[in-house]
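I've put the structures underneath this note.
Here come two complexes built around chain A, the first alongside chain B, the second alongside chain C.
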Partner chain A sequence: MADVRHTEYRGNIHQLQKELMQKWYERLNQAAETGTPHTASLMISGNCVELLEAFGVVPIYPEVNALQLAIRHQSLDPILAAEEIGYAADNCAYVKADIGCYLKGITPTGGKLPKPSLVLCNFVGCNTYVKWFEHTAVLTGSRLYVLDVPFLRLDEPSRDDIDYVVRQLKELVTILENITGKKFDYDRFVQAVRCSAQVEELWSQIKHLARRSPSPFDAYFDAITLMGPLYVYRATPEGLNFFRAALDEMQAKVAAGQGVFDQEKFRLVIEGPPPYPFFRTFRDMFAKWKACTVASTYSTVGGLWEFGARHDPDHPFESVAMHMLAQNVTNRNFLQRYEQIGRYVKDWNADGLIIHFVKSCRLFSAGQGDMRDYATRTLGIPTLYIESDLEDPRYFAEAQTRNRIDAFFEALEHSKMTATAV
Partner chain B sequence: MRIAAGVDVGSTQTKAVVMAENGGREILARALVDTGANVRKAAENAFLAACHSAGIATPEVGFVVGTGYGRYNISFGNTQMTEISCHARGAHFVYPSTRTVIDMGGQDSKAISVGGDGQVMDFVMNDKCAAGTGRFLANAADVMGIGLDEIGPLSLRASRPVRITTVCTVFVESDILSYLAQGKKAEDILGGVHLAIAKRTLSLARRVPIEPQITMTGGVARNSGMVRALEEVLGTTMQISPDAHFMGAIGAAVFALEKMDQSFESSTWRPEHAAGSGH
Partner chain C sequence: MDFERTFDIGTDLVSDLDFARVRQWKDQHPGGAVIGYFPVYAPAEIIHAAGMLPVALSGGGDRLDIQHADARFGSFICSIIKTTLEMGLREHLTVFDGVLFSSICDSARNLCFVMKRNFPALYTDFLHLPHNPSSAASIDFLASEYRRLIQELERMGGRPVTAEALNESILLYNRNRQLTRDLYRFRCQNPHLLRAWESYVLVRAGNVIPVEEHNQLLQDALAQLPSRSGRPRDSIRIVAEGAFCEQPPLDLIKLVEDVGCYVVDDDFAIGRSWFVEDVPTEDDPIHALAESYVNRAVYSSVRHDFRAPRWEGLATKVKQARADAVLFLIAKFCEPAYFDYVLFKKKLDEIGVPHLLLEFEEKQFTFDRVRTEVETFVESLVFD
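Moving on, here comes the complex of A and B:
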């Protein structure tokens, strides 16, 4: 039907992103070769990068390394290396790719990854993180600190939950002082938190631009590109400059009426991470139908800001704790994820929901069958459920995935035509 | 009279249907060939055989829709659609009361919720695994040294079906071998195999609303043992056409007739235009 087979983002921001991320890898390589700057491994979900920035400690995100490997079609070798030492086929493929990287000395860019000064397990939502980081600490001989963040059981965390996390963050300050030999600079911490709040505001504005039709960017595939700087540079002036440039570019697109597809046919919400080893192939399956993602839950793994939450420089420790407890999708309960999807469908005016189930991630994917029922029966939104993996290429069946996506859009096209005729 | 065709290139077999519209719609001919390694050739052969059987020349076919996994390898025709849409439309063409389709093919099993005009309302499919598909049955038949056409009728004679705990197409072999070693009867083993697939299909189908009437499509619909096992777990009967195997191609032919009227940028190349293609 459609003549579009391939989509590329039109603009400069993806190139700027590449440059920033390359610079990050160069700093990590420098740390590996010279021992400075200090580095800390931590998780994307509900990360506390502001505290690291206060000490000039550079974050290492194993998930970013893993996905970068997968996008470059290099994830299978480290996964197999991890399986050779006993990791099971159904263990988290991110874990195996990361562990395999250490075993084989692989990095996505060919440079070196440093032995982290601190393995900081910000245990948020995913209990696999704990074992993952314990293993990383064993492999690297680095010091391990586990931040225990209670799962969000109700709509909001309790005062005790917040105090519990703040106490641990303050303990972490002492540990970082010992590691870096620097006295904690409270003003620098406040500045980092302020910077994050500003970046979050810009990011939120960008996400709300996707409510326009045509959407100026794809809130899944293009949002993923922007997520790298969001995690690595959020608390820095570089991050602020990047997101100012991104917002300017998106606003100019809106003013010019330029969308991902100038004649956008379908608007989607996507749940779950993408199959990174087939990122381009997967994206093009939607391009064929001129289907643009206008909102995604995955882009809120690091932080859920489009509904108003921000870091608060007036209450820096509490706001970092709140971010870890309540303002990232991973630590929120399933009913909240339902509500999030429902708001996207309504406010971003979506035609359909795609749920991508990740075979090797039981935690994020468990319950998505029920979510499908909720979306189709309660929200009344056409929903497609597909399965593969975010990191392990062995779980992706191209023909079957394409078949399901094509069938979904055939049905959606028919129902749109019927609705128009009525 | 307007003539159109649907070609369904499945993983095991390729089906073609030629359909005419002259007031009503009527199937003029069907053809079935093994897909084999040369998907493109299989599609051509099935299409030419159906035209031959209908007694028409290929240029008389105004529009061809390809479907099935091999649809993008069809070198002729006008457009492609998924077999999910085509099975729904085909089942609705044959049985307009269809609201649920259970399709079991060589490597897929799917449940489709069908709207009043034959459109797909929702669907679920087996994941990337051949459990619960025709391939599972073919494997079981191979291990037992019994023809694929015989396993269904034989399973109907089961008096004490064994319990098959795996639905893995590969691991079921060891289950079967183990039961054979225990001296279990072939019909009881096959009864268990069919029941295992029926239960798996039921759990799949429950994810779309199972509403009557249910129509079963796909090659496995020819297996009487599978039909009975499925009806047993569903607790109701299903509509099964002698054309169940052709339902995807029938649906594709219906779409082809509908699309003939639409403006379509497509090639109208036909197999006989290719040098050396026979018939």
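Moving on, here comes the complex of A and C:
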């Protein structure tokens, strides 16, 4: 029987992350109070933050706001407020939490959030995004632009796909010029793209450190800590400094032979977003078994860089388009996600796969039973399928989830023991 | 043949899970291919011009037990996704050579790729329909997407899709949509002569029979309908909204009218009438089809056009149909419809149109609760 334990890796980067995110919220508060800087709501997946950076426009990520509320156990009230005006129990709870916050004047930090200068829906895969941003535009009265990104239905984007996105990015430039009153600064854009490419390289190196045993960090729970700066600051020198510090810290841990646990017993791949309202509880369910996540699909929502793709300052528009089209998990097709998991299992040397079905997100979850079938039969990896939600606390059955996780690890432990004995 | 039998034939076609008429077409067209498509916004004209039979997949209705698909799609996913996969897993789709999906919702999108893995011999493709109609780039992009589809169909052995062939197909489908609009107009003006379920089966029959036959069927029906006898009832005129993809059980449509409603307009089987005007025939018909999707497609919860909000479309529909109320019929777990309900409701409240929300599932056999709800709603309007 494994020990019951709580664990978390607390390094300098966690504090740095907190400071950076706080600073971001302060800038948003400033925008709300003074009208500057200009802001744009956009989606995390396949975001084009480099273009905003070229205009000094600060991103607002409603998803980050929603998850912050959930992790602080404050999501239910706004969800209920949204349901009162007609949202259904089966609508995405991220959307409901965000809309509910707007209705009730709640923010994750208690500070103010500005009315966005632009509601920029970067539509990458998730149809809910379009609805969400349309509703946001109706509620706030802000201008809406939907940047339509063709879904990656083939192995690679076609020339037509890339041209289509580039043409829209250029339309967006004109819109941003009108909103900010600034002429597009191409050099600043190139610099932002260069910065992103460097951050992506660092992030990729960090992720590859998890191939070591023991892994110096948990590539699901700790990766989420790093994801905030990745989205908000990727195209800035501050982001670059943060990820340099993060890589240094991880490399030092590797050099010292330090893992997340004193003895890493299981190496996992996790698919799907976490149950943010029970983030700590969920993490502890794995910590109890000294199970460390070595790779996760959720950490590639904002960008899939561990397989080599990068922004390219020599082709800034095309590479932003490629990022939106092909280098984020949400715009990649379901079978490409199967392949991604397969690579993780093999190259990151995993013992098991956890599939977390979240009720809110059909993009992630619809068909995950088939994914389990693939993982079990084709990859031959022990797989656990569990269901809850990423935002709505009403859908987390703690005892049932714990029982299933315990049973999975008991079986995994037994099979490992048996394999060793043989 | 007795005209009244037409509705029985339509009902049989709608509920046939073995696609007997499609098999019959294939027998009559050796080497002919059948392409199924998820039922909203599919370019049937292109499939037709390639000499293939386009067939809309509309789920399994209430006659299919789900034995395997639940395990593949889990909870909180709408029924049509599961019944479509189930039909594949239970070999109901063996007559199909290919299936087409498009970017209408996240569940349908993932289903496309689950189908691709589970049925590797089937040509499975996904069309990305543009979500940014205000961009000048949208039409060019969609035209390129249609050209890609044409290449795939030609590779499968379809005949070359020439401009001439495609224009001929466009004319046939324009005719089909015009007849469908005529049928809806007739029903709206004479709901006592054509019930909603009758109109529904007539229109939906077109999902599985060749467009040429369907045009004839609609034309004959339109000729016969005025001579039907029927006495106007004291019913509430309602618009049914929300069932654009997964279809409500036939018994539910019947029930709504049985308890005192005339369904004077609806979005059932909307894929059969997805352009509100004729697609122009021109030298570049691919461009015409793409331009028509961007500029003259009917609104629905899975098409986003911020130049013409969908809630304004609903308000116009209510006005034109002289409807007293709106009945939202939403498939359980259909997220696009749930989202739109919020803004639709807001608009209807603003213009003072009463509305009622009902959820349904394909496989639904008890309607007692629904009956009570609709009856109460009707009473509240009658005695208001």
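Definition applied: the second predicted complex is superposed on the first by the 420 of 422 C-alpha atoms of A that agree within 3 Å, B and C clash if a C-alpha of one lies under 4 Å from a C-alpha of the other, contacts with A are read in each partner's own complex, and residues count from 1 in each chain.
Rule of thumb we're sticking to: a contact is a pair of C-beta atoms (placed from the backbone, for glycine too) under 8 Å apart; a residue touches a chain by one contact, two chains touch by 3 or more.
None of the values given here were measured: they were computed from a predicted structure.
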* Asked: Which partner, chain B or chain C, touches the larger number of chain A residues?
  -> C
* To do: With the two complexes superposed on chain A, say which partner A:E410 touches: chain B (first), chain C (second), both, or neither.
  => first
* Check whether A:T128 is in contact with chain B, with chain C, with both or with neither, and answer first, second, both or neither. => second
* **Partner chain(s) touched by A:E387 [first = chain B, second = chain C, both, neither]** => both
* Figure out whether A:D314 sits in contact with chain B (first) or chain C (second), or with both, or with neither. => neither
* Mind working out whether A:D185 is in touch with chain B, chain C, both or neither, as first, second, both or neither? => neither
* Asked: Given the touch rule stated above, what does A:E26 touch, chain B (first), chain C (second), both, or neither?
  -> neither
* To do: Applying the touch criterion given at the start, work out whether A:D373 contacts chain B, chain C, both or neither, answering first, second, both or neither.
  => both
* To do: Considering only touches as defined above, state whether A:V138 meets chain B (first), chain C (second), both or neither.
  => second
* Please indicate which partner A:E398 is in contact with in the superposed arrangement: first for chain B, second for chain C, both, or neither. => neither
* Which residues of chain A are in contact with chain B in one complex and with chain C in the other? -> 369, 373, 385, 387
* Using the touch rule from the top, collect the residues of chain A that touch chain C in their complex. => 85-88, 90-92, 95, 123, 125-128, 130-131, 134-135, 137-138, 144-148, 150-151, 153, 158, 160-161, 163-164, 167-168, 171, 333-335, 338, 357, 359, 361-363, 365-370, 373-374, 385, 387
* **Contacting residues of chain A [partner chain B, same complex]** => 1, 3, 369, 372-373, 376, 382-383, 385, 387-388, 395, 397, 399-400, 403-404, 406-407, 410-411, 414-415, 418
* Asked: In their complex, what parts of chain C are in touch with chain A?
  -> 70-77, 81, 103-107, 109-114, 116-118, 125-128, 130-132, 135-138, 140-141, 144-145, 148, 302, 304, 306, 332-333, 335-336, 338-343, 345-346
* Structure fact -> The answer for chain B against chain A in the complex is residues 69, 79, 81-85, 108, 117, 119-125, 127-128, 207, 265
